[in-house]
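Take a look at the following structure, please.
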Amino acid sequence: MINPNSNAVVTEGLRQALLPLSFAEGPEIVCESLPDGPPGIETQAHVDGVALPLRRRIEAADDADAFVIACYSDPGLHVAREGTAKPVFGIAECGVLTALTRADRFGVIAIKSASIPRHIRYLRQMGLLERLAGERPLEMSVAESASGEGTLARMIEVGTQLKERDGAGVIVMGCAGMARHRRLLEDALGVPVIDPTQAAVAMAVGTVSVA
Amino acid sequence: MINPNSNAVVTEGLRQALLPLSFAEGPEIVCESLPDGPPGIETQAHVDGVALPLRRRIEAADDADAFVIACYSDPGLHVAREGTAKPVFGIAECGVLTALTRADRFGVIAIKSASIPRHIRYLRQMGLLERLAGERPLEMSVAESASGEGTLARMIEVGTQLKERDGAGVIVMGCAGMARHRRLLEDALGVPVIDPTQAAVAMAVGTVSVA
Amino acid sequence: MINPNSNAVVTEGLRQALLPLSFAEGPEIVCESLPDGPPGIETQAHVDGVALPLRRRIEAADDADAFVIACYSDPGLHVAREGTAKPVFGIAECGVLTALTRADRFGVIAIKSASIPRHIRYLRQMGLLERLAGERPLEMSVAESASGEGTLARMIEVGTQLKERDGAGVIVMGCAGMARHRRLLEDALGVPVIDPTQAAVAMAVGTVSVA
Amino acid sequence: MINPNSNAVVTEGLRQALLPLSFAEGPEIVCESLPDGPPGIETQAHVDGVALPLRRRIEAADDADAFVIACYSDPGLHVAREGTAKPVFGIAECGVLTALTRADRFGVIAIKSASIPRHIRYLRQMGLLERLAGERPLEMSVAESASGEGTLARMIEVGTQLKERDGAGVIVMGCAGMARHRRLLEDALGVPVIDPTQAAVAMAVGTVSVA
Amino acid sequence: MINPNSNAVVTEGLRQALLPLSFAEGPEIVCESLPDGPPGIETQAHVDGVALPLRRRIEAADDADAFVIACYSDPGLHVAREGTAKPVFGIAECGVLTALTRADRFGVIAIKSASIPRHIRYLRQMGLLERLAGERPLEMSVAESASGEGTLARMIEVGTQLKERDGAGVIVMGCAGMARHRRLLEDALGVPVIDPTQAAVAMAVGTVSVA
Amino acid sequence: MINPNSNAVVTEGLRQALLPLSFAEGPEIVCESLPDGPPGIETQAHVDGVALPLRRRIEAADDADAFVIACYSDPGLHVAREGTAKPVFGIAECGVLTALTRADRFGVIAIKSASIPRHIRYLRQMGLLERLAGERPLEMSVAESASGEGTLARMIEVGTQLKERDGAGVIVMGCAGMARHRRLLEDALGVPVIDPTQAAVAMAVGTVSVA
């Protein structure tokens, strides 16, 4: 699992979130930051800027059997796939696909509204717009959402709107580093909540194990 | 994992196929047949006939944390989900969704052409038709496809047509009991091949592990 | 016409609603309840539970030339079609298709919000979501909606929202037993209102007559 | 029922085809030609040329309760609807919608290939392209298809391609005046065949009867 | 450029709006009214009534290399294309297509709500509904919107709703004669605003220049 | 107009192809290569590799009012748009949108089959797949297609298949440097042929001129 930003605290949080998928005889899950990544991925420039560094890291990783790119914009996903015959998973793609197994229509909690057009465009690219109930923003910075005490309360507020106004039967957390809120949010909303990084790593573990 | 038919040989084959996903500290994977199921699921009557028995089995299974219905028609999926708050996975749904992580458009190998309209209708229900490259039949009975020596050769023939004529970048085996051919078919075709039962159980293992 | 529930009062109401389609030299319209049906169809378990009984009833009906399944969830539609070469009509399908002849986008009045995801999934299966303006619930039980005096008033309220907020140019009453409100609702809303049972029986009468 | 061309022989053929839908106590079915229509509708200019004459005829018909425009291009359908509060049915629309009640995907037999782009555009306008299996032309003139002895044989040939190569489960005859071939074609193909004029008039009879 | 209504003031306004596209060595842009057109195009009858007159005008114009039909309902577009091998552009089509180059989802400002179902149907015909954020009406007559002082203020109000509530990243002015508000509206909203007549003529100028 | 590869011969060819759009009083069209671009854009790595260099070039171009990225993969389009308030046009986007003004369904001539999945994914992202008749490859290298004598003959062969087998009513040349074949190909096929660079620059000229 590669965190495309260089923030080691985020990477450590992701590592913690993935411990439940790390089985003794199962595939080893290695979590690393992208050294030359930005502190956070918030713009299209950040997304495109890490694409080739991610590919190079993946091409060089002779000892890995599959890769997970842990940013909800799935930066570099297609270029990385071009560079290796091994499976490469994006957390947005896997988070949404996993949500489709839990209810007919899904909602997405975005960090900021500025990301929503990019996400909608990506869902259309995947051909999945007919399953989208809605996407709504927390309107926090990534930093705020990571540290702020009010994050869970705001997620519950936004998730409730997605469920009650938009008809979402399952919620995808549209960011890599929020796994610690997953269960509490699920309990508060009464519908399944998907952490996309866990979803992607679960699919990677499965793919590698049966190969 | 519940095989909705009563054929214990098929269930044993599925159990073998799932051994790679059975980790010592991971979720225990229990494979069982549906005692009152038909010998095979080949018609809509078979599909609808096992729906409520599957739901009853699932409602009664206090000791399971998630369920996989192991038939490529996903019988009883929605009625089972209505009967439990636990996750229920269908192998057709999970097989196709997993395929979407490996290429832009997928092909499906059906056992018989008579199933294809049912599958197309189901893909449209899931909102995924724009990603379908094509579906082509082996035109074998389930029994033939299970036992016959020519099955792999015929799968390679059909898979090649899906890849070369239809533009499929990944192949889904549209049947529960074909996992033993997966790797050979993948090697022959040069594109990823998804066994839907393995795909569904991998998603179930992941979901249970992070809950 | 088979009412999949066992409620003879509902069946008698349907029979009354179909009298205008019963012509002396036209096809005879026989209305019956499904003896082993539940009192009402409100859940997926009810839907799936009547599928095979409906098919068996249809397979046994040597003297009928076409069948109408009179429940807005179209239970058993596909399995019944598999069991007979004669035409089988579902009222949800026919109600919506008939609505498409009256305006560009249609609205649906559901009895309860819990049915809406099932209806949306079914509209997607039919490939008709682009024509849906919206679906809104009365939020009444089937019993209340059948007997309550406030039903028409509530239907006008919900129908007005579908027309004015969602842009529906025609309304489908999303339940089998509401034909007696059709004309009053149409007059109040100023747009066509479709009773799905009448729509389906009209299509069945036509199909049988020209065969 | 208005035949938008001025060919009285065609109109008389349509009248014959509609006799089975003319019930003593049912709505009277009056068939007429459009006096100022062209001999046949083969081009977009023909289609657009009859739109306002059709509307004027419909606005003037005080004694009719519903209208059917009997040309597979549905000329003037929307402008006629604007001009009256009474229902107006187009045979292409009704033929396709009726086909959707008989199988998952439909095929269309066109008279000439030049009409196919216009039909595809119209199916997209209706939002029904996902249900189209294919459209194939007889490549005959309307005159040939009306009189020629080889018409049925050619329809069987084209219908067989729609069924076997394109996967059509039901066939729509894409022309107003072919009802006399309907049953023979259905018997030859083994799938339902829809005559669009009969389909539209059946829906009109139903709508008028329950109003 | 043909203004399908007979209002010379509107035509003169369009001519003014197109001056920036009239280059000395570029294609000459000739603006004319349709003499037998109505004073304004507000209904389907207006739309269909000018179709053949437009075609005849276009067929007779031996000295023109391309045509623009300057009404947001694109009257006669397909019948005109049938009548000439030269390119014919509709301003609704070109306005929307040009908008797609500026943002992921577009909003449309309609003059009156009565036009919206017609516009939605047309966008579905073009296969572009997935890119529509929303359409909202000024609810003015064409005359009011042309002369009234409050038009720009109302456009800003409606445009703001399209941007903020519906998520439009670009706005199309859904009428031929509003070019003089384009820049002011764009400045007020902070997103691109497309005048459809300018968009269509720009595409025509390009097509003619490279032919 | 920026050619994202560093091949000055290609850029000079593009400059020639754009001369007809360069009007004395119109916007000046400046054509340049991307100095740090690869010799040609053939892979996803090439596409992603030029994204940020294109953005930086565009951000630095204070004297330009609009930008055209002249590669049929539209590299860097979204990241460039994020970096400037000025319009940025991609030739694939504009080529396809311009084609939609000429016929109902378009075909694309690709240089190599390996690009087709990338193009299909992009068309789905734009929401335009319902208008695609088909895409077929020349199966030549960019170098061959640029220099080879057989290029036009092969384009006619592939274009004929798109027209006759796939039903394309207009053809898009899926590469930046083929404008010199446009008219000959159009004459041979009898349907419009779009050069995407000319299409994009025409839209840019129009946008700048009316701003």
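Points worth noting:
Read from first to last, the chains carry the letters A, B, C, D, E and F; within each, the first residue is number 1.
As a working rule, contacts are C-beta pairs under 8 Å (C-beta built on N, C-alpha and C of every residue); 3 or more make two chains touch, one makes a residue touch a chain.
Computed from a predicted structure; not experimentally measured.
Counted as hops between touching chains, the shortest connection from chain A to chain C is 1.
Of all chains, F has its CA centroid at the greatest distance from the CA centroid of chain C.
When every chain is reduced to the mean of its CA atoms, the largest separation from chain A belongs to D. Chain D and chain F touch with mostly distinct residues; of the residue numbers seen at this interface, under half occur in both copies. Note: centroid distance chain C to chain F, computed from Cα atoms, is 51 Å. Taking each chain's centre as the average of its CA atoms, chain E and chain F sit 26 Å apart. Residues of chain F in contact with two or more other chains: 121, 124, 126-127, 130.
Here the touching chains pair up as A-B, A-C, A-E, A-F, B-C, B-D, B-F, C-D, C-E, D-E, D-F, E-F. Only residues 43-45, 47-49, 51-52, 55, 76, 78-79, 81-83, 118, 121-122, 124-127 of chain C touch chain B when the two sit together in their complex.
Chain D makes touch with chain F in their complex at residues 116-117, 120-121, 124, 129. Interface residues of chain B, counted against chain A in their complex, comprise 17, 20-21, 23-26, 87, 89-90, 93-94, 97-98, 100-102, 126-128, 130-131, 179, 182-183, 192, 195, 198-199, 201-203, 205-207, 209-211.
By the touch rule above, chain F contacts chain D in their complex via residues 103-105, 130, 167, 169.
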